[in-house]
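Here chain A shows up in two complexes: once beside chain B, once beside chain C.
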Partner chain A sequence: MSLKNVLAVALGILSAIGGFVDIGDLVFNTQAGATFGFQLLWVVVIGVVGIIVYSEMCGRVAAVAKRPVFDLVRERTGFGAGLATLVASQVVNLMTCAAEIGGVAICLQLLSGLPYRVLIPLAVAGLAVASWVLPFEWIERVFGYLGLCLLVFAVAAIKLHPDWGKVAHGFVPGSHSGGSLLVYLYFVVGLLGAAMTPYEVYFYSSGAVEDGWGPKELNLNKVTATIGYGLGGFLSFSLMIVAAVLFLPQGIDPQFLGTPALTAEHAFGKVGLLLALVGILFAVGGAAIETCFSGAYNTAQFFGWRWGKRERPAAASRFTLAWLVIFALAFLVVITGYDPVKLTEYSVIFSVVALPLTYLPILLIANDHTYMGSKTNGKLANVFGVVYFVVIIAIAIAAIPLMLVTHGGQG
Partner chain B sequence: MSAPKLPVTALGIAGALLLAASGCGSSTLSPKALSQESKSLKSLAAEGALLARDAEAGKSTRIFRRVHSEYLYKTASKSSTSLSTAKAAPGAAQELQKLTKLAGELSADLKHLGDASNEELPGLARDLENVAGKLE
Partner chain C sequence: MSTPAEVDIALGILDHQLVDADGINCGKVDDLEVAGLDTDSPEIVEILVGGNAWRSRGLLGRIAGRLAGNAVHVPWSEVDSVSSVVKLKRPASELRLDEGDRRWSALVGKVPGA
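Our next item is the complex of A and B:
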């Protein structure tokens, strides 16, 4: 591999790490840490492996069939099931996009002191301009690299001196303490949902087509999915660890987007606070664009429209209109004043309900010789794929009842 | 299929939230509800104290302190208002009275936290820690 290729892979991995965390991860990981300490770290591992398994499949399908997953969903599953998948994914995308935009506005408020309601339209306008002006790879890079400021949480996790023995113990599933079993299960579902959000695989798949991946990029796909998401998972661990160390002993239940930043502030003062806020700003900003584009990709691919960020906006006018409409709808949701953190909790739980509709077609297509030729799933990919699909079905059934019974994890 | 259930569930939850948010009339709080409220207030007090201690140590920015403490204050204030109009279930009147008083103190402290001078921060942090200590 040439130096240029190594650099390209490294840059891709860095942007994947920085782009891994979104508002759902921020909310659920800190709340889980503040409620159950380190006891739910093992769930993050399961979630990260799940997103690696299915993203690798999506990337492979895109590289071999030269078509993104949603393009094939309608063809493979038919109009009815395809439409159900589209509706479910769009509802979740819109809720998530709205929550991320609210998160951007809150971060801007914490940095500037300007009123939240003034910052919402500014946030939407800024994100829309960035989406319009920046080429696809630059959107990934700008938001991914600046999202790396979140690494301050990883360093804070070390600086706050957790009991590493207990941290290690948290990677082993077992009995729990600190809350009821139902609340524990609610967080298991939420953490898995936050790690395996549907928009991530749709965006990854469409991004692979945008980047012009072919069979030569199959190894790049494996490396990016495995290392990028794997290392991104460390940010989730860090958020849970800092919350466990600082919030759990004091009985702090993180209900605000600024609360996780207190951990970096406590560890490193103003520099830590600013790094945390900038990291959160770009992580949720990048996720807002990803959810918005994911919605536009899905719609365009389902209806067979011309699509892609590489196309001139006028050439792919319906695709362009689709992402502009999604931004506008998300703006209308946020401007109502509904709490973005609450919205995040609902969007993550609803995304769990929609997970089977997202992941089953991927599993089917990745096993279909018509599309994949000799690059269908191997035994290992299928074992993981099927096991994860069973897990996904279980959590999809349990998600809403658990949310209602536990009052959104409040017990 | 799960998809058609989504809007129905979302509407149901939205309806329930609207009802809860409307806050029309006073509610009767059970011991369990009071315990939940106490936990929530403790969390706000502890978070406020943490912010005050960090600010006292020069670790926070003025803007972050002002904006974040306002979020804490608004939540505590909403809680204080609903507690002051709530009725207690039999046997929980004393607890409700205690919580209402603490919620009021907490709201006042959090409101002050946003624009407190450096000299006032240590006292404010102690007050917030005291309130947190009195809550379960």
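Our next item is the complex of A and C:
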């Protein structure tokens, strides 16, 4: 591998780490840490391995068969079930996009002191202009690299000197204390949902097709998915650990998006606070663009339209309109003033329900020789793929009942 | 028609991406017109794309088909090859498969840089 390739892979990994965390991870990891301490760390491991398994699979399908995820959904589930999946995924994408935009506006508010409502239109306009002007790889890089400021939470987690024995214990599933079993299970579902959000595979596979991945990129795919997302998972651990150290003993319930940033301030003063807010700003800003584009990708792929950032916007006019309309709709949702943290909780829980119909077609096509030739799933990918599919079905069934009986984790 | 052939059409052609001669996406195989079903050698006559081609595709398809306009009919003789996509012999514009994007391109074209 040449130096240039190593650099390209390293940059890809960095933007995958920076792009891993979104508002769902921020909300669920800090709330889980504040409620159950380190006891739910093992769930993050399971969630991260899950997203690695399915991202690698859909990246491989994109590289070999050149088909993005929603092509597969349509081809394998047909028109009716495919359309139902499209509608469900659009609702979830829109809610998530709105929540991320709300997150951007909150960060801007904390950084500038200007009113939240004034900053919402600015946030949407800024994201739309960035999406219009920047080429695909620059969007990924700008937001991915600046999202790396979130590493301040990893350093804070070390500096706060948690009881490492207890942290290690949190990686082993077992009995729990400090809350009811149902609330514990609600957080299990939420953390898995936040780590395995469907839009990540929509965006990842569409991006791979846009970048023109071929068999040569199979290794890049493997490395980006495993190392990039794997290391990204450490950010999730950090968020949970700092919340467990600082919020749990004080009985603080982080119901405000700015609250996690206070842990960085506690560890590093003003600089820590600034890094945390900039990190959150770009992490959720990047995710807002990803969810918005996922919505446009899915629609275009379902109906067979021209799509992609590389296309001239007027030539792929329906795709272009689709993402502009999604930004506009997300704006209308956020401007109502509905709490972005609540919106995040709903969007993560609903996304869990949409997971099976997204992941099943990936699993089927990744095993189909007519698409994949000799690059079908190996034993390892299939064992993980099937086990995770069973897990996904279970949490999809449990998600909404758990949300209702626990009043969104409030007990 | 033998059972394996039915499976092939449903799994290998229906709902697949249509790509024109220039490699541009131009719709999905939303429905197929098959002739000679009562004979020994039925054959696909044409591909139906968009609009009321969805009518035969379940409840949601019926609703969507009612809201959309007429389907575009593409003769099967225009098909170049079938792989994970159905590749056509001619550009989308010659087969009236570019109308969807053309309808909106003037509007989108008003934005600077489009």
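In this text, the second predicted complex is superposed on the first by the 411 of 411 C-alpha atoms of A that agree within 3 Å, B and C clash if a C-alpha of one lies under 4 Å from a C-alpha of the other, contacts with A are read in each partner's own complex, and residues count from 1 in each chain.
Operating definition for what follows: contacts are C-beta pairs under 8 Å (C-beta built on N, C-alpha and C of every residue); 3 or more make two chains touch, one makes a residue touch a chain.
None of the values given here were measured: they were computed from a predicted structure.
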{"item": "Clash-or-fit label for the pair chain B, chain C on chain A", "value": "fit"}
{"item": "Contacts of A:274 with chain B and chain C, given as first, second, both or neither", "value": "first"}
{"item": "Which of chain B and chain C A:350 touches, first, second, both or neither", "value": "first"}
{"item": "Touched partner set for A:371, first chain B, second chain C, both or neither", "value": "second"}
{"item": "Partner, of chain C and chain B, that touches more residues belonging to chain A", "value": "B"}
{"item": "Partner chain(s) touched by A:255 [first = chain B, second = chain C, both, neither]", "value": "first"}
{"item": "Degrees between the directions from chain A toward chain B and toward chain C, using C-alpha centres, nearest 10", "value": "130"}
{"item": "First, second, both or neither for A:97, with chain B first and chain C second", "value": "neither"}
{"item": "Which of chain B and chain C A:84 touches, first, second, both or neither", "value": "both"}
{"item": "Touched partner set for A:241, first chain B, second chain C, both or neither", "value": "neither"}
{"item": "Which of chain B and chain C A:44 touches, first, second, both or neither", "value": "neither"}
{"item": "Shortest CA-CA distance between chain B and chain C [superposed frame, angstrom]", "value": "11"}
{"item": "Set of chain A residues, in rising order, touched by both chain B and chain C", "value": "84"}
{"item": "Contact set on chain A toward chain C in their complex", "value": "65-67, 71, 74-75, 78-80, 82-84, 132-133, 300, 302-307, 312-318, 320-321, 370-371"}
{"item": "For the chain A and chain B complex, residues of the former touching the latter", "value": "81, 84-85, 87-88, 91, 109-113, 246, 250-253, 255-256, 258-259, 261-262, 265-266, 268-270, 272-274, 277, 346, 350, 353-354, 356-357, 396, 400, 410-411"}
{"item": "Touching residues (chain side chain B, partner chain A) in the complex", "value": "1-7, 9-10, 13, 36, 39-40, 42-43, 46-47, 49-51, 54, 57-61, 63-64, 66-68, 71-72, 75, 132"}
{"item": "Chain A contact footprint on chain C (complex, rising order)", "value": "11-12, 14-18, 24-28, 30, 49-50, 54, 57-61, 64, 84, 100-105, 107-109, 111, 113-114"}
